[in-house]
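Heads up, the next two complexes both have chain A, just with different partners, chain B and then chain C.
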Partner chain A sequence: MASKTKKKLSENILDKFSIDFLRNQVLKNAYGNDDTVIAKLDPRILLIWYLFLGLVPWFVSDLWFLMGCFLLVLVTTKLARVAGLVLLLFGIGVFTQTGYLFIVALFFGGDASTIAPLLVLTLKVATCSLASVTVFSGLDPDRLSNGLMWYGCPERLSFSISYAYRMLPMLMEEFQNILLSFRMRGNPPAHVTVWGKIKYLFYQVKVVIHAFYPLMLNTAKRSRTTVEALEIKGYRYAAVNPQVKKMKLSTLKVTYNDLLFLAVSFLWIALCVLASTLF
Partner chain B sequence: MMELAKKQTATQSQKLMVFVLTMALYGLATLFTELIPQFQAGIVEFSVEYFLFIPLTLAMLFDPLSAALGAATGELVFSEIMLGQFGGLGELEKFLTVTIGVYIAGRMVKDPRNRKMVGIAAITGTGLQLLMGTVVDILKVQFAVEDFEAVAGLPESVFATEGFAFLNDLLFSGILFCLLPTLFLVPKLYGKIEPLLGMRPRDEKTWLGGVNVKVVVGAVIAFAVACAAELLASSGLSLVEWEASWAESRTALAIGMVVAAVVVVAVLVVLKCKNRKEKVTQS
Partner chain C sequence: MNIIEIENLTYSYPAAKEPILKNISLQVEKGDFLAIVGNNGCGKSTFCKTLNGLIPHFITGDFSGTVRVDGLNTLEADVGTLACKAGYVYQDFENQIVRPTVLDDASYACLNYAMPDYRQRGEEALALCGLQGRQDDYIWQLSGGQTHLLALAGAVSLQPDILILDEPIAQLDPGHADRIYGVLRELNEKHGKTIIVIEHHTEYIADYCKHVMLMRDGTIAWKLPAAEALRRVDELQACNIFPPQVTLAAHRLQRQNRLPSDCPLPTTVQQGKKVFAHLRYCNGDGKSRADAEDRETVAQFRDVGVSYRSVKGEDRVVYSGLNLQIRKGEKIALIGSNGAGKSTLMKLMVGLLKPDRGEILLNGENIRKKKTEELSRQISLVYQNPEEMFIKDTIAADIAYAMQVRGVENYRQRTDALLERFRLTELKDRDGRLLSGGQMRRASLAIGIALNPGILLLDEPTANLDIATRKEIMRTLAQIKAVTETVIIATHDMQLVCEWAQRILVLCDGGVIADGTRDEIFGNPQVVQRAGIRPPEIFTMGQALDRQALCYTIDAFLESFKEAQCVGFKNEEKTF
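Moving on to the complex of A and B:
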């Protein structure tokens, strides 16, 4: 009975982590939430906000202040309706950055006193990454790249962001198709025994690596088409032309909502500073 | 003869093609590695975090700098920005170390058909990237945690875990996911993938030349920048340290900040309401 449940559980997890699931989560994260409060804000304002919350916590080690910042980004992450998988990854990321350090420190003769500095470190890491989750997955990719461009980021970067978001679904589908065709034609080793399982794992890895051979050739063809299309439109000339940039960025507009968002954040931070001075 | 000499380096649009190609492929691969949880068997970590064979292969076949920059950008855009895991200034470190590792590996290979050289270059590039990452990581923890030496057991544990992770990554992921796939893919793709981008396969004539002093100096400078960025992102504890001498006025300052914030919020709310009313009356 127990083994049956275990088997079912592992099947369930494997089901969850199929490529389709990953694709859906990524797409949901990229395109699925453009109607949230965060997504409607001006990207420039959000980037300033991120610059503060992504940098300042690193330089301050006051527990009250860090807690306040952490709560603030927690609320904004909730507002941005970030996909579950991203939050799970965030949790794993924070743990692997600091949690395991604590365990190892215990192993080397540390004790409970190790917790305090590590808690501060954890709060810093968590605040910065949640702030980035809010901004970079709460915002529409096009708005994000426009915001970055306004601040003078290289055109190459904003082009890469727009390109990535448009090509990713296609690339993932193609990769999956190639994998499926390999699987259809392949003859995987039996994986009942432990040795068989190891052999099966190596077989899977080999299939993934082999799958990149056709994928590389296909993508090479596609990137040539992309670049040629860009050249026809005069991309390399437009990329450095200030007039084109101005036209592209004319859609950006700061409204009262954006300023209000900044002001409320500032109020909250100020309250945290006040709390840290009082207690 | 002039024509031949001109053909040595790729044209601008071909460089852009290589950039786009590497970015898309490596970005896709890092996206998967970011999503697949790492699993551990005993103390050996089976981290499939290394699809570095993709940019390594492409850097050996095409223009190394475009491939290296494309790989780093791809990782940044696909797995950091798209998944919302952008780590701010700290990402610069990863960006630069990947660029250096891939670029140097790409410059080392003269003839992609020479398997021995391809293998040496692949493992050198991987090792360089991992080593730089390890050095930066150790420095980072040393600066990020206050009283690093005072915390019991922490310094040894950091050196032990980082050193072990380096060896583990190099010997396991490095060989399995970087060396072997590169050895498999480079000779197989050689001569097949270049025509698709309208280029000639790399040989003695179209080769950029090996790793020289200029490359090394450039790499060292880039690594220094990477270290500085990472440390700036994680250290600087003393930069904004509250001074004890004006401790009393701190509360006053904080109250001032709160009051200012309240006033700003109130003014904005009023302005917003007014704006809306005007819109209503206009329409």
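Moving on to the complex of A and C:
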């Protein structure tokens, strides 16, 4: 399986890195992993957990503790089966935050000793990012928005999150088709020379910008029906009826697994704190 | 008992000069299955929106008269209450679905109206609409027909007594269309729902509906029992409604005095069998197949395999080992159910999709290494959804774009000529999106042939159009035939296939299962069965009378079926 994927990737990486691929990754990220351990946890518990791992590392500089937190979120990210693209973006993100500093430091005569201080910063960034990735991509948007609603976020925000995920694939498909229209009818500059390549790049950027205009108009045309349908489906009534909120939140339930998850996390952090005081 | 009672309803949209509904009075009985027919823009959709309170509560405007739905005056009730009385399914139903999973969407309205048993109601609605077992699926896993059923389930979940559907089958293949109407019939007969459909497909009206209401310029011309309504051939045709082909054929026989004028016109094939019983099939001139074997090949698929990534699990294989040759000058129709891979085949040919394996040759060259831009003079694709082809703010600019950026000499004159040919000169400064359905299609066809491509691919050129506009597009396609050498059309529209195509490719289960002329395809019951093809009604009528008859148009039917005595049978005169 792995070798097959590898072969596919190397075969035509540029072919695959299309809007179609992006669309697929977005869907995968949002809904492709609803059967994982993380996805089954109660969103409220996960949000508390996230609050801790997203905040505390910023205020601690102890290497043992940070290392422990990092390992923990690494495991949860693995458990959440996060889509490849998100991990790639994560990698690029961390590198642009701190990794390049190391290279620059080496360039200006630094040595391996530069690693230690940089490592602390990198671990902080990486831990927070992976914790976010676990929560926001491990949970499907609906459960996430329900969790947020329980903590008092307005109903409209939580509806927007799940509606955005509902619309995103459609929008991306439409965007792709409009881009294809440009490709089929446009006449891009030749890109053999370096100058040609630069011109080609500018051309591509221009096309993407131009493609937004029809996309917006087409979306506006579609949304007429959606707005009417929302009215019929009582969206406006629900927003003012506290009973509805109660019914929505009644699906949330803290189970044995949630407690276990919290307990294991807590125990692990405690061990790390212990280790940092001992060594 | 009347479930809908309307008195003197007049309505005009805000800022409109003239009312769109004029002094309408109507009663609809509980348990009716009513079809609303009428010209484009005669106020059908507007009328339906007055029934569920969207007009005047959500869309304001000048409203006078009374509309009572199940005894409730719509002016006095709010949209929420009325939604529980009358459910509405839009023509662009996919925009009506707002939640990501099936059960969620079906029960969403119930949840919003704080019904404690909302989940159960959702599940019941899904079961009624034949979507049981799909509760936890995501909506993009559904086919077009299933998405429509889900939109219907969303309306049914509130348990309204009335269901209103705006052109339910305009985008669907015949298999899905039959299923939708099957579900509607069950809701009507078993559960006593009153169903109102806006429908152009008169064959479906004949098969399923109880009454027909004709609207003309914002008024109701009449409301009659379905069979009687469909027999008013002249009146319907004056409003651009085309009665079933069987009815039309009988109507023309009457004109030719070959049927007694007091004989009631048949509306279904079953009735047609009796009425046409005195006719005998006499073999017309057997047309020999145009011999195209020796012409040069312009496109070729060699062992092509392609699959789509899926969100979960295995990739979905569309083609595994597709082999195909397309010769110069052929007029090909691609048919097959939704999802059989018609659009995929077209995208492969223009290089928008790359095959996983195998190769595609265009004019002898492999297109794998070619950029889409380089192919555009050889081949052109017109999308199913014309809106996605409008990338400029006027259609004149859209048509000119490809020629302009390629520096085609006198592109202005060519643009003007194209605008003229497609009768768009008046509209040339309008944004394509704001045109009517037929105008949008014509504009997209003009864009498609702007570069004079050798091969033209058209994806569902007649989908979502009413019959009159469809006929107009079919005439335009006949014109294109003379200009463009090779044309391939992907379509569900079997009348188009029969009247236009010289070669038909039937796609099914990841490959081409049949390839031939219309006689070879429609005359082969196994292929028709397997691919779920529904031939034009007149063809089925001919078949029902004589298995050998292969008539695709009403003209052909009238020509090849003669009165018994003409062909030498000594039959007694039939009495009616």
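Methods note: the second predicted complex is superposed on the first by the 240 of 279 C-alpha atoms of A that agree within 3 Å, B and C clash if a C-alpha of one lies under 4 Å from a C-alpha of the other, contacts with A are read in each partner's own complex, and residues count from 1 in each chain.
One rule holds in what follows: a residue touches a chain if its C-beta (ideal position, glycine included) is under 8 Å from a C-beta of that chain, and two chains touch if they have at least 3 such contacts.
In this text, all values refer to a predicted model and were calculated from it rather than measured experimentally.
Undergrad: So, on chain A, is it clash or fit between chain B and chain C?
TA: fit
Undergrad: Does chain C touch more residues of chain A than chain B does, or is it the other way round?
TA: Looking at chain A, the partner in contact with more of its residues is B.
Undergrad: Tell me the contact category for A:Leu260 with respect to chain B and chain C: first, second, both or neither.
TA: A:Leu260 sits against chain B, while chain C stays out of touch.
Undergrad: Touch test for A:Ala270: chain B only (first), chain C only (second), both, or neither?
TA: first
Undergrad: I want to verify one number. Taking the Cα centroids, what angle sits at chain A between chain B and chain C, in steps of 10 degrees?
TA: For this superposition the angle at chain A equals 100 degrees.
Undergrad: Who does A:Thr36 touch here: chain B (first), chain C (second), both, or neither?
TA: A:Thr36: touches no partner chain.
Undergrad: Touching A:Gly54 in the superposition: chain B (first), chain C (second), both, neither?
TA: After superposition on chain A, A:Gly54 lies in contact with chain B alone.
Undergrad: Figure out whether A:Gln204 sits in contact with chain B (first) or chain C (second), or with both, or with neither.
TA: Touch status of A:Gln204: no partner.
Undergrad: What is the contact status of A:Thr226 with respect to chain B (first) and chain C (second): first, second, both, or neither?
TA: Both partners, chain B and chain C.
Undergrad: Of the partners chain B and chain C, which touch A:Val244 in the superposed model: first, second, both, neither?
TA: After superposing on A, A:Val244 lies in contact with chain C but is clear of chain B.
Undergrad: Give one of first, second, both or neither to describe whether A:Tyr163 is in contact with chain B, with chain C, with both, or with none.
TA: Both: A:Tyr163 reaches chain B and chain C.
Undergrad: How far apart, in Å, are the nearest Cα atoms of chain B and chain C after the overlay?
TA: 7
Undergrad: Of all the chain A residues, which ones make contact with chain B and with chain C?
TA: Looking at chain A, the two contact sets intersect at 30, 141, 163, 165, 213, 217, 221-223, 226, 228, 230-231.
Undergrad: Taking the touch rule as given, give the residues of chain C at its contact with chain A in the complex, in rising order.
TA: Touch residues, chain C against chain A: 52, 54, 58, 79-80, 83, 88, 90, 92, 94-101, 104, 108-109, 111-114, 116, 118, 138-140, 154, 309, 311-312, 350, 352, 354, 371-373, 376, 380-381, 383, 385, 387-391, 393, 401-402, 405-406, 431, 433, 447, 450-451.
Undergrad: Which bits of chain A are touching chain B when the two form their complex?
TA: Touch list, chain A to chain B: 17, 22, 25-26, 29-30, 50, 54-56, 58-62, 82, 85-86, 89-90, 92-93, 100-101, 104-111, 113-114, 117-118, 120-121, 124, 128-129, 132-138, 141, 144, 156-157, 160-161, 163-165, 167-168, 171-172, 175, 205, 209, 212-213, 215-217, 219-224, 226-228, 230-231, 236, 256-257, 259-260, 263-264, 266-267, 270-271, 273-274, 276-278.
Undergrad: Any idea which chain A residues touch chain C in the complex?
TA: My answer: residues 12, 15, 20-21, 24, 27-28, 30-32, 140-142, 162-163, 165-166, 169-170, 174, 177-178, 180-188, 210-211, 213-214, 217-218, 221-223, 225-226, 228-235, 237-238, 241, 243-244, 247-248.
Undergrad: Note which residues of chain B are touching chain A in the complex, please.
TA: For chain B paired with chain A, touching residues are 12-13, 16-21, 23-25, 27-29, 31-32, 34-37, 48, 53-54, 57-58, 73-74, 77-78, 80-89, 141, 144-147, 151-154, 156-158, 160-161, 176-177, 180-181, 184-185, 188-189, 192-193, 196-198, 233-237, 239-240, 242, 250-251, 254-255, 257-258, 260-262, 264-265, 268-269, 271-272, 275.
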